Amino acid sequence: MTYVSFKADRAHDFTAIGRLCIDLNANEINRPMEQTMTFTKYVGGSPANIAIGMARLGRHTAFIGKIANDQMGRFILDYLQRTGIETENVVTDRSGAVTGLAFTEIKSPSDCSILMYRDNVADLLLEAGEVSEDLIAQSKLLLISGTALAQSPSREAVFQALQYAKKHGTVIAFDLDYRPYTWTSKQETAVYYNLAAEYCDIILGTREEFDMMEVFEQNPEHSDSVTASKWFDYNAKIVIIKHGKEGSIAYTADNKSHRAKSFPAKVIKTFGAGDSYAAGFLHGIMQGWTLEQCMEFGSAAACIVISSHSCSDAMPTESQVLRYIEDCNNGKITAS
Amino acid sequence: MTYVSFKADRAHDFTAIGRLCIDLNANEINRPMEQTMTFTKYVGGSPANIAIGMARLGRHTAFIGKIANDQMGRFILDYLQRTGIETENVVTDRSGAVTGLAFTEIKSPSDCSILMYRDNVADLLLEAGEVSEDLIAQSKLLLISGTALAQSPSREAVFQALQYAKKHGTVIAFDLDYRPYTWTSKQETAVYYNLAAEYCDIILGTREEFDMMEVFEQNPEHSDSVTASKWFDYNAKIVIIKHGKEGSIAYTADNKSHRAKSFPAKVIKTFGAGDSYAAGFLHGIMQGWTLEQCMEFGSAAACIVISSHSCSDAMPTESQVLRYIEDCNNGKITAS
Amino acid sequence: MTYVSFKADRAHDFTAIGRLCIDLNANEINRPMEQTMTFTKYVGGSPANIAIGMARLGRHTAFIGKIANDQMGRFILDYLQRTGIETENVVTDRSGAVTGLAFTEIKSPSDCSILMYRDNVADLLLEAGEVSEDLIAQSKLLLISGTALAQSPSREAVFQALQYAKKHGTVIAFDLDYRPYTWTSKQETAVYYNLAAEYCDIILGTREEFDMMEVFEQNPEHSDSVTASKWFDYNAKIVIIKHGKEGSIAYTADNKSHRAKSFPAKVIKTFGAGDSYAAGFLHGIMQGWTLEQCMEFGSAAACIVISSHSCSDAMPTESQVLRYIEDCNNGKITAS
Amino acid sequence: MTYVSFKADRAHDFTAIGRLCIDLNANEINRPMEQTMTFTKYVGGSPANIAIGMARLGRHTAFIGKIANDQMGRFILDYLQRTGIETENVVTDRSGAVTGLAFTEIKSPSDCSILMYRDNVADLLLEAGEVSEDLIAQSKLLLISGTALAQSPSREAVFQALQYAKKHGTVIAFDLDYRPYTWTSKQETAVYYNLAAEYCDIILGTREEFDMMEVFEQNPEHSDSVTASKWFDYNAKIVIIKHGKEGSIAYTADNKSHRAKSFPAKVIKTFGAGDSYAAGFLHGIMQGWTLEQCMEFGSAAACIVISSHSCSDAMPTESQVLRYIEDCNNGKITAS
């Protein structure tokens, strides 16, 4: 069954709006960051990673965002372009803002953390007037990400993008991507996440992220079906709730829930799992695959990324994902 | 025809959320404020004035807001209580914020201006978690006012109030009340005004206020019907667009427009006209009167206020308004 | 003995730098402000009051400050000019700042308080580059006031004024005038008060103000002589420490302390006592009177102000002060 | 001749106050940073580098500063301790501030730049009350650095340190280290630099830094001797003005100027030259060497640092510096 249908005849399959930043990944891993001496630079930020993932999977992809007028910003722009992403709506800040940073610490495959630099960052300075209505009108699918809601004026830019998407029938996916760092309070966060989610067709998040959104509501048992059903009263068709190692469940407006099998992986770190899953899943949805196929494809894409050192750089092509699934099925890949 | 229907069996007819402040009205008028030596203190702020107006008209009225922990704040609270307004949800700030001020300057009946103090004011510090769901669930009509959207956390408090009203079937009226002072940009303003207006049943504003909301849209001729019809696609039943001396037009979801006759007045100043009109009009709507009757009643209430020195203090009772209409019809009141 | 000598041949006797604001004095007094309905507007701010006092006493007086570009600012400018004060260095703000306000509450002659509006005020926006070196070079005496040290850029403007005064041999008086409202912490306050005091010839403050300045020091018994002697190691010649009803003591660099007799007064409120005392005292110093005469004259000037409703407006002329002293000596004036 | 003499019998030779941060040095150099993929982490910040330099030269060294409560902060603390620096007065921030960063770009040995992260940094949050009077009383020499004056409360902490040093006869050196990034305006900068310099015995800076300090003054020909002589009227004994490749000149209170010969070096980058020069020079002053010897020793120390990849890590020992001088004199080291 097809839960989401896309407008045909549009120049872009996929457009993402929001955070563009730099990951500085520890080269010496399995130790605290205090003992890491060198770092490697990658493009990062959840919507950037997903856009790179979609481009690798062969989708015509565009980005709406703002970069710092410095070496880091120019590196990001150049990387997106080399990945084949349309960057006409990637604006350069002129106020002296910096590029957001994320230093990763990998103490062990399951004990990873991030040290973020999010003060005065360019990506949160995108303005509503800098969002191209035409680009959204020419896209089949728009992805928004929660971090871009954290501050003005980026917050307004996202709400304006939602208005344009609604007006032009562009399907909207919402990757919750909640990072407490830049928010003032849980209440502020919940209010804007809920406002934005009302517009969205596909919502992806962890159980903890949906809990945060329910701070003003009654869901004492943290029931996934209570959570999902609220959004079907608005515009949602698919709500994916992730439960870490226990896997993800996709809820659909027909009151069904869907699970897919998972794959083994030789895990290096957990970063990037959600972004590669989202890219793989959304690619499948656009292909018209069954929900189970989409989830399986997303899971395999995630396995590839968590088996590698980087996030953006490791985003796989379709043939890489298919081969990974085959290798797992053949027993060539097993858990570490 | 009835355009708006209200839930029965609710403890409160009317609840307003937002700005509570102090007006300091020039005692010596018809001169620039530089030459005014003494000022008289009144409760002010558009939603406060409307709430006082509704209470005077006999409505069970409540208020949701925040006051400074100082003499001005205590004066406001006391005044509301003496007017019979339920103030259980009027919270006292503990952060050292001050009470917003508005010094009025009356150079002539038609040349009036306001000098506002809006830095670090208590009313903009109302938080989403301080809004009583129960109070809104027990109200027939909720009034929001645009100034409360100007800053966080008050902005979030209003959006949360809208969620509660929607959830409980409380009718929502939106008095645009746009004050550029506290906003960062026209774009920011337009984004939040539009987001809020999507939830509202009754929207009242001037042509200029609606123009500000259309900064991202196509309405080059500033057409009232283009403006109104947009909101009927959401939840609006009545959209009132005010054209100053040319009078107001009420647009309804059945594609009709309504005008009402106006009344003469011995004008002292223009302040408070909109608030008394809103109170009169909404009172009529709750009475089940025809739109024309509601508009006429609002106009007469406005005439009474602009013929007096204050806003809040001059809000009339129903019998005062009816007598004013009668006196006009009898020729006892003529323009100054 | 002459403790301070002034350069001759200068165009101005006295120049003050700092706060210019508006007092809104309760018309209905001897009650809490909640019950005050009308207020009268006066020029206020400690250095403004002292400058007005000096001008009334016949001194050629100038002011260095910044006013809001609004009706309140223009009223202040006009009042200073009508009082004969040179205002060429009173700059108008162009950033949208407001005029500081002080609402006075007079519950009883001895129970008075002030409700201040000090957010985004023009006077704290004076910049170092806006201070006229030439004006200070042409003044015999420069008065600085502690409130102007509370925030940048006004803080820098005061330090730059001190540099100019030092360079040109202009005598410096420091009225501590400590208002906690706009300061971040006691430590911040103490650091800048101490830095500024190092440059000053005459320092006037209450015991409590000097205590605040000694937060990093050892003066457990709050000894006046310990306090005063510190400043004689820098540039001070006279340090006046005020003990409220117990009167003031002037310490001098020759290790002497001086007291003067006080006068009866029919007190209405305590506001303005310090400012009128400072004006009277400094006038006496410039006249070459003995310290005891200066203190007596300051006390009598203060009595006149606290027996009246306003501060600035009530600042007396020399003949008024002399007549007051005579009337007291004759028994014509007795305490209320 | 001895220009500066130090108190004997003190536990510490040298205490520095101010910036502690992280340098992220490009591993792939001689290219724009856009093309640099990996970075190596070092302790940085001018006063930190100088303190490390002094410790390497065998001085009993302590530090007064504030670090972030994160992996970067803990790395800094650990590095200082491993270098033998007393860190009892290195305070840990509890407000969520981050560690300042400096990414270096080395396009060529003579074309180097820095990308700084200075928003919400821990080092600028040091408070006056966190400065140990006892530590300064037990130090022979206190070094302050201009960056710590850029914001409150760090600015107040430095002024309080100056008060303690003055009170206890601790010699004060001022490394101007002007970084425009965190300052509001040139005027603000000049005011505080001048206030601080009045207290100092030794002042080191570039011609451009002294020009910035003279924004309110008359030195149209940028004369070094005009610049230096101003400070001899306060407390200065030695003023060093650096002219880049043309070398440095030391001015002394006896109206003499001093130059020293320079050394060849195989330059990799220019960063760190000033810090290693300062450490070498101050070490010589504490040894009682002639000014020329001190300058020569400082120059050789600087040559060692600019011939290496890092700043802090490359700070030499005394025997390394002496060997470098010898090797230059023997012709073993020549310019690249």
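Couple of notes before you dig in:
Just so it is clear, A, B, C and D label the chains in written order, and each chain counts residues from 1 on its own.
Going forward, a contact is a pair of C-beta atoms (placed from the backbone, for glycine too) under 8 Å apart; a residue touches a chain by one contact, two chains touch by 3 or more.
All of these numbers come straight from a predicted model, not from anything done at the bench.
The set of chains in contact with subunit A as well as subunit B is empty.
Same interface as A-D, judged by over half of the contact pairs sharing residue numbers, among the pairs B-C, A-B or C-D: B-C. For subunit A, the chain whose average C-alpha position is most distant is C. Centroid to centroid, with C-alpha atoms defining each point, subunit A and subunit C lie 61 Å apart. Averaged Cα coordinates give subunit B a centre that lies 44 Å from the centre of subunit C. With centres taken as mean Cα positions, subunit D sits 42 Å from subunit C.
Of all residues in subunit A, none touches two or more other chains. If you sketch which chains touch which, the chains form one closed loop in which each chain touches exactly two neighbours. Taken pair by pair, the chains that touch are A-B, A-D, B-C, C-D.
Contact residues on subunit D toward subunit C in their complex (touch as defined above): 127-129, 133, 152-153, 156, 159-160, 163, 184-185, 187-188, 190-192, 194-195, 216.
Contact residues of subunit C toward subunit B in the complex are 24, 27, 32-34, 36-41, 70-72, 74-75, 78, 98, 101, 103, 105, 115, 117, 119-120.
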